[in-house]
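Everything below concerns the one structure shown next.
Naming follows writing order (A, B and C), and every chain is counted from residue 1.
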Amino acid sequence: MNKLLWSLSLGAALVGAAGGAALAQSRDQSIVIANYGGAWAETLNRICIQPFTKETGITVTQAATEDSLAQIRAQQTTKNILWDIAPTERSGLPVSQKNGWLEPIDWSVVDPENKLPPIARKSHAIGSVAYSTTIGVRMDKLPEGKTFTGWEDFWDVKQFPGPRTLRNSPAENLEFALIADGVKPSEVYDVLRSPEGVDRAFKKLDEIKPAITVWWTSGQQPVQLLASGEVFYATAFNGRIQQLQKDKLPVALIWNGGSLDVSYYSIVKGANNAAAAMQFMKYCWNEPRRLAEIARAMPYSSFNPDLYKILSAEEARQLPTSPENMDVQFALNAEFWAENLPRIQKRWETWRLQ
Amino acid sequence: MSDGVSMPRDGMAAARRRRAPISSLWLLAPAALLFLLAFLVPVGEVALWSLQGDAGLTAEHYREALGAGPYRTILFGTVQLAAGVAFACVLAGYPAAYCLASCPPRRRTMLLLLILTPLWVSVLVRTFGWIVVLGREGLVNSMLIGAGLIDAPLQMLYSRGAVYIAMVQVLLPVAILVMFSSMTTINRSLLLASRILGATPWRGFLHVFLPLSAGGAVNAWMLTFVLALGFFITPALVGGPKENMIANIIATQITVTLDWGLGSALGMVLLVAGFLMVGAVALLFRRVTRLSGHGGTR
Amino acid sequence: MVPTMMDVNKPSSGTLTREANLKTRSTGATIEFQSVRKAYGSVKALHDFSLTIHPGEFLTILGSSGSGKTTALNALAGFSTADSGDIRIDGRSVIDEPPERRNLGMVFQNYSLFPHMSVFDNVAFPLRMRRVPRRDIRERVERVLEIVRLGPLSDRMPRDLSGGQQQRVAFARAIVFEPPVLLMDEPLGALDLKLREALQFEIKEIQHQLGCTVVYVTHDQREALAMSSRIVVLRDGRIEQVGTPSEMYDAPQSRFVADFIGQTNLLAADVAQPGSVAIPELGITYRENVFTARSGSWYASIRPEKLQRRPAEGSDIAVTVTVQEAVFLGDVIEYSARTGHGALIHFREQRRDRDRVPERGETATLVLRPSDVVLVPDLARTSR
């Protein structure tokens, strides 16, 4: 038995070493981007990856993942780095940065003309595009003669009766609750930073709780709930609601009070090809022409203002970063949530059970 | 009842059967190796994480997982739901397995195929099927409203009942297969014997078939229970607003809050709870069968 | 008593001491098969089967596999329904009754003991199904376990018993409710020869005490001869012959029965005129006055033990043979020998101490009486 184990492990070690060497060699002219798959990955492939490879000879592979942060942690813990570029949205960026899992971005390479605003120009990440968590409203279920304007109305079950759904997460829902309670979107985090602010948000959430038939967990769920008439009002990513509109469903998108979420991408510590990764970042996420192509393909948009010089006013109105939409939303504060999520998450679970 | 020669059932043969595993222990080696690599090693690692604090070893994560608070409640709720779902699976699957074990071979093959077909469809799709059927504007509500039986749609989806139905549907084939395979080992001539000795079909079933198939039913319960413990897609999609499974909490700890210590501790607690439940049921079953004079059936 | 039977109790208790254990001698029932037919698809398993079994009789249905013997038993037990005809027990038609209403004891070929029940619970099963009071059950089970000498094993599980012990449990379970009819389907088939012979004896003994009617199914003609009061030989779903063991042995009515039951030499025989029989392969012609067979082709059945090396007297017939082989069987010696006309025949002798055994190639003169030659037609003359 011992002998068998010994020879097996020896064999495994040999195969592993050979494979590793082969992999390392081929890595020289290639980078790996982790991604969440789906339409976004296809769009990237068409607009960025294929022309990038053609122009530079660097091959780009997309690796599908569902939990980027956990994977980054696992790769860093085991020192087995498989990715060059990884998504670091929400808590992902502050947590990874604090733990030293990321390489700093050389902005002289990625944004030499200094076009990006600070929100997209982090020391360890580029804000590629932004998407919004907005309210989707079934217009045919709306009481006659009433106009739905935002979070106050979402909370007003008397004027606007009907089942609702919110995401199963304290992040963004506490903010929404405060806005519904009269806090200005630009001031939500000032309120939330005080303990009373969190209490106030949960108290406000108590009011809406009976009207929530389901807490959604995956992005497609609220849209499907809206489409099937299971709920009348839902929070959902703007792109998904716009897809419903394209499918001719009577659904309205409310930007007012929306939560602007940035899709960050970082270079992981020990990446095999950090230089090529930065080259790709600039090529794909900081060239107005390609950003416009992306925005036309999917309603997610960059912070590079030159983008709106290319797009028409009609097209701009559909995008989360267009000036008129930016003004009525707030940007989700990743640092706040990185710091407070573990604590508030437990309170959230407790509150849901009550 | 055939003219064929029956199997010798003397003590010698039994002794031979009992001795066989020792010499063929080697055959277990590949499975044991796989078990070691694919189960013991990762579980050991998770156990380590669950005990790691910022400064050395700590029981803090276990205090958090088991102390008064949401996690303990959700853990109990999960075990309760899984036990109930497994019980419902056994209850609903038993007659089906009986039918299957009793019918002629050709029809059996066809029925088995029908029972197995849903296993080829992903759990997600099967769960969405229930959304279509039970939704506010779904099949059942449309039919009830169309028939004038109700005015407003019933809230069937997003409730514990919906979780039960959807989970039972997913796990039922497993329960049926386990019970069916144990039932096929029951010698059918025992039922004829019970009849000629004075038992009506029902009493023959009750006194002979039921106790002989009870072991299979308990096994089916255990398997579906363990599988149900790990469910999270189905409860998340059709469960009510208060529905939460421990697997969802673990996923949140691992991927969202990145509290791997707590996530690992919850995982370990779930593992141990599963073992305890299964062990307790197995023990109880042996106790009951011994007390009623029914020895092991297998 | 054979020692292997004593594996349970001390060998002190003889069979007779057990007799007092049964209070009443229940009387067996009459069983009538009336033109029972059964076909499986195009295969006719039973043709027009009619038979009356008398109270207390030990009737054996003998036949090879596929002869219809199991079909007949299944029809009687109620496990399968006859296509037509009637079955009556004590005059009452049971053809439409389920097995549990027929009140029959049955021992199965593979015993069919309930594996999840102890010996006691197995034997108590028919009493519980009949809702016998608890205390009576204990008493009756213990009594019957005493009869089959399994008393000390009543808490054991079937899997912990030897084949012979399992067989006795099955037997005890079948008789515990003192059924008027006991069905046995090759109950000894799985046991070794010695145990089988011992149990044959015991079964007969207990049946004698119970007085029940036994319908016994077997393919083993020796078992049938040893146990039965009457034998029915079935062949291809038809009755070939019915009779007592000695009738079957001494006066077979067909070539099949002569061949099937016991050992025999079957030789072609010509009946030239009433009373004159020629057996060319033995080179003999003799006159048989009582014989009334019609002229034509017959078979002569001569049992091996009827051929003897002794001086001829009276009307005895002598045949000269060359010994081919002698098989020593302890008390008897079996010989095969060739006649001057080329036929291979067998004969058998009781062994006596000082006899010289003829060796291979030696000639011997065998003598038999004309009455020991049984003439049988190729097909059955009568159907019952």
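Just so it is clear, a residue touches a chain if its C-beta (ideal position, glycine included) is under 8 Å from a C-beta of that chain, and two chains touch if they have at least 3 such contacts.
Everything quoted here is computed from the prediction, not taken from an experiment.
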Farthest-lying chain, centroid of Cα atoms versus that of subunit C: A
Centre-most chain [mean C-alpha coordinates]: B
Centre-to-centre distance between subunit C and subunit A (centres being mean Cα positions), rounded to whole Å: 88
Rounded Å distance between subunit A and subunit B, as computed from the means of their C-alpha atoms: 37
Whole-Å gap between the CA centroids of subunit B and subunit C: 53
Contact set on subunit C toward subunit B in their complex: 65-66, 69-70, 74, 77-79, 98-100, 102-106, 108-112, 114-118, 120-121, 125-126, 128-130, 157, 159-163, 166, 173-174, 177, 183, 185-186, 189-190, 219
Interfacial residue positions of subunit A with respect to subunit B in the complex: 1, 4-5, 8, 66-67, 69-70, 73, 91, 95, 163, 168-169, 209, 212-215, 217, 221, 224, 228-230, 341-342, 345-346, 349-350, 352-353
Residue ranges of subunit B touching subunit C (in the complex, touch as defined): 1-11, 14, 187, 189-190, 192-201, 203, 207-208, 211-212, 289, 293-297
Residues of subunit B that touch subunit A when the two form their complex: 29, 33, 69-71, 73-74, 131-132, 135-138, 155, 157-158, 236-237, 239-242, 244, 248-249, 252, 254-260
